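Both complexes below contain chain A, partnered by chain B and then by chain C.
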Partner chain A sequence: MLDAAPAKKLVEVDNLKMHFPIQGGILRRQIGAVKAVDGVTFDIFEGETLGLVGESGCGKSTCGRAILRLYELTDGVVKIDGSNIADASTEELRRLRPAMQMVFQDPQASLNPRMTVAAIVGEPLMEHSTMSKADRLARVYELMDAVGLNRDFANRYPHEFSGGQRQRIGIARALALNPKFIVCDEPIAALDVSIQAQVVNLLEDLQEKLGLTYLFISHDLSMVRHIADRVAVMYLGKIVELAPRDALYSGPLHPYTEALLSAVPEPDPSLEAKVERIILQGDVPSPANPPKGCNFSTRCPKVMDICHEIEPEFDEVQPWRFTACHLYKETTNQTASQKAASTEAHKSAQLGEPK
Partner chain B sequence: MLNFTIRRLLLSVPVLVIISFVIFMLLELAPGDPMANVPLTVPPEVKEKMREALGLGEPWHIRFVKWLIQFFVVEPQVLFDHVFGTGFAEDKLRVISWQTRSPVMDIVVQRIPQTLWVVGMSYVIGVLIALPIGVISAYKQYSIFDQIGTFVSMIGFSVPTFFSGVLLIVIFSVNLGWFPSIYDTTHKVNDWSSFVFQMKQMIMPVSVLALYNAAQISRFMRASMLDNLNQDYVRTARAKGMTEKVVVLVHVLRNSMIPVVTVIALGVPQVFGGAIITEQVFKVNGLGQLLITAIQANDLPMVQTLTFIFAVLIVVFNLVADVLYGVLDPRIRYD
Partner chain C sequence: MPDGATPVLDVHNLKTVFRTRGGEVHAVNSVSFDLRPGELLGVVGESGSGKSVTMMSLIGLLPSPPAEVREGTVSFDGQDLLQTDPETLRNIRGGDIGFIFQDPMTSLNPVFTVGFQIMEPLKEHLGLRKAAARKRAAELLELVGIPDATRRLKDYPHQFSGGMRQRVMIAIALACDPKVLIADEPTTALDVTIQAQILELVKELRQKLGMAIVWITHDLGVIAGIADRVLVMYGGQVVEHAPVKGLFGNPQHPYTRMLLETVPSVRGERASRLQVIQGQPPILGAAPEACPFRDRCPQRFERCDRENPLRREIGQRHDVACFWDFNAGAPLNA
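And then the complex of A and B:
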């Protein structure tokens, strides 16, 4: 993928914003917004797995759902296989759905408790294809084979399965319409460790066989290291770093990525004692009221003056490595204070009021 | 499921015997004298003889057992005779009303159609109105439709039927003269104009009760829909690319109906119990009205029998609700 001729871009996300209104007062007027995803830009190439990591509440899942437009986007462009889904009408969107599917986090809650496995997996076929009943059942069996479920279970209900099996149902359902792109929204978070490996291996096998493209959302850094080709790190609604997996894990650029990676447990106890953890101080600011300048400026161990003033741009600082941090902008670094001052002056001049 | 049903039916037998005993003892302990309406000029010895003639001379446990035999043995025999033309119940003493001296069950059978026509119809209409209102209110939560629905159901909840009933009578019978204020029980429907008259006399009591029922059920429906609309499987259905109609009507509604159906089933005994107040307001000769007059006249066999029938219905429909739960929700299995 890092070869000279890059693969085709399957998913293009440009400045995606997903703000949830906060309503208050007697008349329920909008008094603010939770900026769950606040201007995210990245591409996913055909056949690759992009890992999306970050701590709880940073907007990973919202980002994944927004890309499939399970929410009405606040702003931005999302192109999947060339068609812009951000402003597609409901009917157009429905027709585009087969190409993009999602595996959900909670395999219990995301399956309708009143439908059998055959009904859950076969329903999309009923809606989007003209298969006969027998063909549909054959396809359901085929999918159950593909994800390693016994065909005899087709008439059982979701509650009769274990967590791992339920997640396999979820994957079979997502595969039913031969999608190109699958968002895996923490597909293993609700499973225990032995099952996690099975499901991840299943996802990898399917990718190889069917040429799928994944957006793999997780907070499990080791699992992402295992499955992803490239990794994006999110903090408070923004991507702070996007890089090929090995480069990111061996030498993180952004201070947040550094802190995040230093938190990964070391399995070897003799090494574990020597690990130097970067412990971040304070809490994540509220996404309803993010700090001025860089979102990470309130907790960053390498914070500079400029970080509190100007939001860093998300730029390619090395080939294939994108980050949003002032540390890597030599020009801004040198003239940071100057530029901050001039921007302020410019702003006040525009507003026509002395500072 | 069948085993469960049979087990529950067997269990309900001792429950019902205990209920009938409690009802009997409550009536026994309650003050009141069936002879209270007899003129004071009748000498006390005569009154005593009249009491004995009603069977009041016996001690309470004998009377209770007699009632049990009459209700559980003789009355079913009467029904059997009536259906198959046999003669098992001949010359056996049935449960006799002290007011009319005729068998209680005969009177009950006479009254049931009135109650079913008015109260039953209001329940059906209430449910039919409530379900769509609940569904739409939940789907468009906080919309104008939802606000109006909430307001109307608050009115339905909080305004008692003796007020709304009288209000309707004042407006539509007294001022406008559209509908009769008294329900004519003897009216027979045999042609179009008599059917129209029947509809006219039903409209007011039915709408009063339907408002009350719809208020409750629409709230249940709305709450249950809201519960399910936020579930993950709804998002899954949308991600599958289902049309909004399928998402709401197949996925959400079918799951939301589980608690609502049981609530509806549990409300059915109240239909048979009649709406005592509404039947009084509109002079409907139903079961509720029968019960209230029996209480006023100290007609203990009538009160005992009616109350017991209501108890049976409540037990039966509780079972129906439980069975429905098992049928509708695959996660619930009784065996």
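And then the complex of A and C:
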């Protein structure tokens, strides 16, 4: 996807923050904030799939929802196809919504049990288009074909379908308005392995056919490796590493990415024997009270003194590879000329070949 | 693991049926397996394949009605668990057979301290007095790697993180020094880095304590890392049974083969397209008279529609329930 030069940035996220207030005391005043997403910056190119991975509670789902402005953002800029949706008015937002859609984790909870498939898939059309009833039904059938659902089931209710089929209904609904950008929030987490592959392949086929751009949020690192072109790793509200897929999986830079990848169980025994596991001690700190300095400093196997003091910057340390870690500080402190050189490299990379 | 040793647990021809308003559901069909001392037996399968129900049936944890264990024998410690009276069975559960369930939050009681919950089986099954039980509880917490154990006994479950709670569950399961430990998806609800911690702990505890373990999971990666032998279940039946190396190196059931190809890895070659097992798992409405996998099987032929294959031995402790012979590339001779 990246080799189609020069790629256009479809989604630009700059310093996005999403803090949730903690209230306390008799007057329910705000006494703190859960910093679910605390300053993340990334772009998604047209036609690309960006994988967003991390453990539960790291803020990946909040990030996905915030990008579609399902929350009122605390701070930051989110541009989708050039329009800043972070401060768009309600009316403007409504006009922009068809271009950005979402597929949710739990197909059971995200489909109204009292609506038929035709009604669910047709609802966005009713809201956002002036189609006649007949046209709408024709479009619903077309969508059902596209996601591999039998047309004859259009008048059935969600409970009559299996988990994988329900997820297909959710995907059909997301596709109804010809969106450009879809946030897939753990779309396969609730499904069995054999069904997961079916849904992932469907998402890939649709992307190819319709030129979609995905933000694929998941905790399943092996599935993300399969579907994503680039991968962002989140830890405690921040992106710690962002890199092209193959580079990230073959040589992770950030110690957290390294530990996370090593912790994934290996189904191939010949590889399993060679895996060097890095077992992280302890648990993720609370996002209401993150540690001073680097967020990962409390569990990092490569921790240095500076990590407890200063928060590392999220920098491009190699062409196309961003990380927030003091281990790569030399690169950050480079001289101006080197910096210029790396900017050049970046530019040519953007125009050129990196996978 | 010692070969030829007498099994601690021997399950033969177990059949469990649920009676529902919509008719019967044949959840477990003629499942047989054994478990040797000190061994870790992995049980893999998708949801609805009958892996949990099998384990719950053996120790009478299924509510009856709607569940009914129709047939089979479960020998444990010289007795048939399916024939024992509820009182004896109660003593075995949590005593000689320990359990760990999937979700540590719902399996711990939120209104009692963790110490109380670990001491409960100690008092109940071993008849320990309070002081002795407390001492042993602290030892157990320490054993499962919870720092500052004596003080943490006074804490409630909500004061522990997910991984720590699962450690507490393991401590409770180990309290009475069980001969068999049944772990039902114990790491499924945990994050990968925490799962890695728990898997390390289990490996360590096995060496120290030497109990036999049945480990139920849907994650083939977890199985590859810790199991000695594996049962693959599909549609309420065992479709393949093999030592872990044999299963991954030389899978002989079409379902196992496809399952192994479906699962992507974070290491090695990256497949450009995922293998798919088309279709849906079967609905177990009637006692199966044909192979449960036939609708999704690329090797299907006429015999699969009229007969349910029995497990046949194909190697050292390796058996498979399929009419297709992959080595010959042809159907078996009937």
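In the analysis below, the second predicted complex is superposed on the first by the 320 of 355 C-alpha atoms of A that agree within 3 Å, B and C clash if a C-alpha of one lies under 4 Å from a C-alpha of the other, contacts with A are read in each partner's own complex, and residues count from 1 in each chain.
Going forward, a contact is a pair of C-beta atoms (placed from the backbone, for glycine too) under 8 Å apart; a residue touches a chain by one contact, two chains touch by 3 or more.
Given the structure is predicted, the values throughout are model-derived calculations rather than measurements.
**Student:** In the superposed arrangement, does A:267 touch chain B (first), chain C (second), both or neither?
**Tutor:** Second partner only.
**Student:** Should A:33 be classified as contacting the first partner (chain B), the second (chain C), both, or neither?
**Tutor:** Neither: A:33 stays clear of chain B and chain C.
**Student:** Which partner does A:249 contact after superposing on A: first (chain B), second (chain C), both, neither?
**Tutor:** Touch partner of A:249: chain C, not chain B.
**Student:** Mind working out whether A:123 is in touch with chain B, chain C, both or neither, as first, second, both or neither?
**Tutor:** first
**Student:** See if chain A has more residues touched by chain B or by chain C, and give me that chain.
**Tutor:** Greater contact footprint in residues on chain A: C.
**Student:** In the overlaid three-chain picture, which partner chain does A:131 touch, first (chain B) or second (chain C), both, or neither?
**Tutor:** Touch partners of A:131: none, neither chain B nor chain C.
**Student:** Should A:109 be classified as contacting the first partner (chain B), the second (chain C), both, or neither?
**Tutor:** A:109: touches chain B, not chain C.
**Student:** Regarding the shared-chain residue A:173, is it in contact with chain B (first), chain C (second), both, or neither?
**Tutor:** Only chain B; A:173 stays clear of chain C.
**Student:** Can you pull the chain A residues that chain B and chain C both touch?
**Tutor:** none
**Student:** Hey, which residues of chain C end up touching chain A in the complex?
**Tutor:** Those residues of chain C that touch chain A are 46-47, 161, 163-164, 191-197, 199-200, 218-225, 244-245, 248-249, 258-260, 262-268, 270-271, 273-278, 280-281.
**Student:** Within the complex, which stretch of chain B touches chain A?
**Tutor:** On the chain B side, the touching residues are 142, 231-233, 235-244, 246, 251, 254-255, 328-331.
**Student:** Could you list, by residue number, the parts of chain A that touch chain B in their complex?
**Tutor:** Residue positions touching the partner: 28, 65, 68, 70, 90, 93-98, 101-102, 104-106, 109-114, 123-124, 127-128, 157, 159, 170, 173, 177.
**Student:** Can you check the complex and tell me which residues of chain A touch chain C?
**Tutor:** 55-56, 162, 164, 192-198, 200-201, 204, 219, 221-223, 225-226, 246, 249, 259-269, 271-272, 275, 277, 279-280, 283
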